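Shared chain: subunit A. Partners: subunit B in the first complex, subunit C in the second.
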Partner chain A sequence: MKNHWWKILAVLLLLYAIIMGLFVPLKSGILGLTPREFKTDQKITTHVKTYNTDFTKGVDGSSIAYIKINDKFKLYADLVKVVDKNTLALDFTLPALLPSIQKKWPYTIVVNDKKHGAFVRPDAIVLEQAALNLDAAISNWPKQIEKQLLFPDELNFPFRPILYESIRNTFYHVPLWFGMVFLLFGSVIYSIKYLRKPNHNFDYRAKSLTSIAVLYGMLGCVTGAIWAKGTWGTWWTFEEIKLNVSAVAMLIYIAYFILRSALVDEEQRARVSAVYSIFAFVAVVLLLFVVPRIATNSLHPGNGGNPGFGGEDLDNTLRMVFYPAIIGWALLGFWLGQLHYRYSILAERLNDEFE
Partner chain B sequence: MTSFNAILELIKLELKMEWRMKYAIAGAILYVVTTVFVLYTSIQNEESTPWNALYWMLALFIAVNAITKSFALNKSGAHLYLYQLASPIQIIIAKTIYNLCLVFLLLLVSFGVFSLFLGNPIEQIGLFIITLFLGSMGLSLVLTFVSAISSKTANSGVFMAILGFPLIIPIFLSLIKLTTITLQSEAGEYLSDISVLIAIDVILFGFVIILFPYLWRD
Partner chain C sequence: MLDKIATFASKVGNPKIIVLAFSLLVIDNGLFAQNNISFHTNGKIYLVIGVLAAIFIGIIGFLVYLERKLNKLEKQINNNE
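Let's turn to the complex of A and B:
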């Protein structure tokens, strides 16, 4: 048992990542408003389509909604009506002047009730005022009672436009790439061990870990392609630097296996491929972590000016599943590597016996 | 008819031999993929021009051709003699410096010939020359090392491309970005790109020095 605890840990972490990742619901969110463009100085009604909500049960008329003009000024809805499970009708009385320096501008809409909590959609409603007059707008702004937002105590993943449910792929796509880098690093460790003390087992271990790392890389490509199809609308795009560099990283390691197959002498094969694999790892680290950062444009977070994992992008609920998922996938990779290693040793022994 | 049969048999023999060296065909495919990829990355940048892409594509082949023969001596017994004369670190540094000068010179010549036939769109010659120098450094570092590795195989020409092309791509991407900057008349933000290139060169140099003695052993 002493030597197997990490395998059990891998299974538990992955089970946790799969169960939490697939079953924790998404936060309720706003899909859109119809109609969404209005002129000021009139009474309006707009329908809000929401996602992952049921307004017919458990809301008890606690719904409120407001348009956020800016940090200081909010315009509350006069009436919030439940149309069906996922639709609310909002009535607003728009004043003639808005305390804003924009003539026509998309504003944020916020909906809240005691069951679903608050959901926000930026740029959801476009208001156009006939004239600009900040002072008059502020002095004529309707007096409203500030309402407290209600937050139910529930576990859910953030609702992000474009991503929607696919945000769950954070626990599968991203950790696969992390796992690949860990496995390659493990392979480099065995390559170094081989160079210091030529023992064929080290060579087999390095080769096995590299095989599993390439498998992880390919799975990373596949999960990424599926994600890209859903969010960017295409399986693969060559305009995305990270896709390109990961393709090159795959090529570097395919070259590793071709090199191995071309070297006949066992000792020479082990030594030369150990040297190549260390050098290749350096190149791959440069490729995956340095080159994308100098790229001018990228759709991935953390590159080309996009925010990385931190701040807004990864909220605490995601993090709670994301970090264990990374450890789980990496441990599973090392386990697979170990099995592959044992298989190669046995295959080698069988070969020797038959010859 | 018999001569026709003989030709058919010879074609079959060729096929069989090709099949026996499966890595060679895999290598050829990888060669195609990486070459097209390098070409693609050089034309993909919107501010880049065909001149830029063609120039660096040519540079790649010049460098590979110039450096392939670096370890041709290995085939004869001459390297044993070298082995007794100098330490492996001295040998790799000497070979890399020689290749750096060779590649840099060839790149300058091809820049001249390019300008003669295709015109010279480079606005900042000084920065371009620095880029060429840093590029030759990276190319000669990687390719000299790779030629040491591929000299261990039976088909060193193919392996030069299979192993070398993907490893060169990080250097290549930053070279093309820098050249794109030299195409503009006023100096843009280039310090970060140059420092990335220098950092890549230094890191690769360090690893070549550490790893080469293990290759040199037999």
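Let's turn to the complex of A and C:
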């Protein structure tokens, strides 16, 4: 049992990732407004369709909603009414002039109550003013009492339009790629060990870890394709640099196995594939983590100059599950790799005995 | 989807299926009602299920591959003994 603690850790971490990843609810969010375009200088009513909410018990006094014109100016709703379980009706009195330099512009809408927290939807409501007059708009802006936003003390994952619940795939799709890189790194360590001291076991370990890494990479491609189909609307696109580089990374490691099978002499095969694996690892890390940042326009997070691990794509509640998930999937990979390795050395020993 | 299973089960008339479907319904309502998550709406939860299923199939595929290799090895041992 002493040598198996990391396998138990893998199971526990994966259980944690699956249970937390599936059961922590999303934050409430705004799906859309109907109608969403208005001219100013009138009283309006708009219906807000929300996600993961329950207004059947009515809205309490804490419910507020406002249109965010800019950082300084907010327009609070006169009244927040419940239409049905997930729909609110908001009444606004739009002044003739808005403190904005845009004639027609989509503004952010914010809804808040104690039970559901604050939900924000950028570009949700389009307001069109007849004339532009910033000074008059500011001086005529209705006096309103600033209200504090209230938040429930609950653990929630962020609500992101288009993604919705599939944001949970952060714990199942992304760690496969991290796990793949860890496995390949392990393979490089054994390759270096082999080059320093030619022992066949090191070669077999490197090969087994690489096989599992390729399995993880392929699963990463398949799971990414499923996720892309539901969010981008396509299984695969060659316009995404991240997808291209991961395909190239896969090809590099498929070439590793072709290279191995082409070499008959055992020592030569072990030496050549060890050197190849070191260079391949450097190439794959550059491809996966450096090249995509050159892209300026990308749907896939983690591209375009900055890593994607910040902002709303990965907030602290996601991190709580995401980092353990990475360790869990990586350890599971090492476990599978160990099984494959143990098979390999057994097979080799038997072949030596019988031949 | 679960209500579809329930209606299907009541059409089929197999008591086991009916019990299974309704226990699923009870679990479904009990677990998710408080959080207002309905697992059969437009929340795209099916993408998460799909991804988990794909990983599961991949790992099972690896186990099958390993088992077949082990079978071959066992056969080899038995033939040579």
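FYI, the second predicted complex is superposed on the first by the 335 of 355 C-alpha atoms of A that agree within 3 Å, B and C clash if a C-alpha of one lies under 4 Å from a C-alpha of the other, contacts with A are read in each partner's own complex, and residues count from 1 in each chain.
Simple rule for what comes next: contacts are C-beta pairs under 8 Å (C-beta built on N, C-alpha and C of every residue); 3 or more make two chains touch, one makes a residue touch a chain.
These figures come from a predicted structure and were not determined experimentally.
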Practice task
Could you tell me whether subunit B and subunit C fit or clash when both sit on subunit A in the superposition?
Solution key: fit
Exercise for the section: Could you tell me if A:V222 is touching subunit B, subunit C, both of them or neither one (first, second, both, neither)? Expected result: second
Exercise for the section: Kindly classify A:G230 by the partners it touches after superposition: subunit B alone (first), subunit C alone (second), both, or neither? Expected result: second
Practice task
Have a look at where A:N244 lands relative to subunit B and subunit C in the superposition and call it first, second, both or neither.
Solution key: first
Exercise for the section: Have a look at where A:S166 lands relative to subunit B and subunit C in the superposition and call it first, second, both or neither. Expected result: second
Handout entry: Which of subunit B and subunit C A:W5 touches, first, second, both or neither
Key = neither
Practice task
With both structures superposed on the shared chain, find the angle between the C-alpha centres of subunit B and subunit C as seen from the C-alpha centre of subunit A, to the nearest 10 degrees.
Solution key: 100
Practice task
Look across subunit B and subunit C in the superposition and give the shortest C-alpha distance you find, in Å.
Solution key: 19
Handout entry: List of subunit B residues in touch with subunit A within their complex
Key = 22-23, 26-27, 30, 33-34, 37, 40-41, 44-45, 145, 149, 152-155, 159, 162-163, 165-167, 169-170, 173-174, 177, 192-193, 196, 199-200, 203-204, 207-208, 211, 214-215, 217-218
Problem - For the subunit C and subunit A complex, residues of the former touching the latter - result: 31, 35-37, 42-48, 50-52, 54-55, 58-59, 62, 66, 69-70, 73, 76-77, 80
Practice task
Enumerate the contact residues on subunit A facing subunit C in the complex.
Solution key: 18, 21-23, 25-26, 51-54, 163-166, 168-169, 172-173, 176, 212, 215, 218-219, 222-223, 226-227, 229-231, 332, 336, 339-340, 343, 346-347, 350, 354
Completion exercise
subunit A contacts subunit B in the complex at 195, 238-239, 244-245, 247-248, 251-252, 254-255, 258-259, 261-263, 268, 271-272, 274-276, 278-280, 282-283, 286-287, 290-291, 294-296
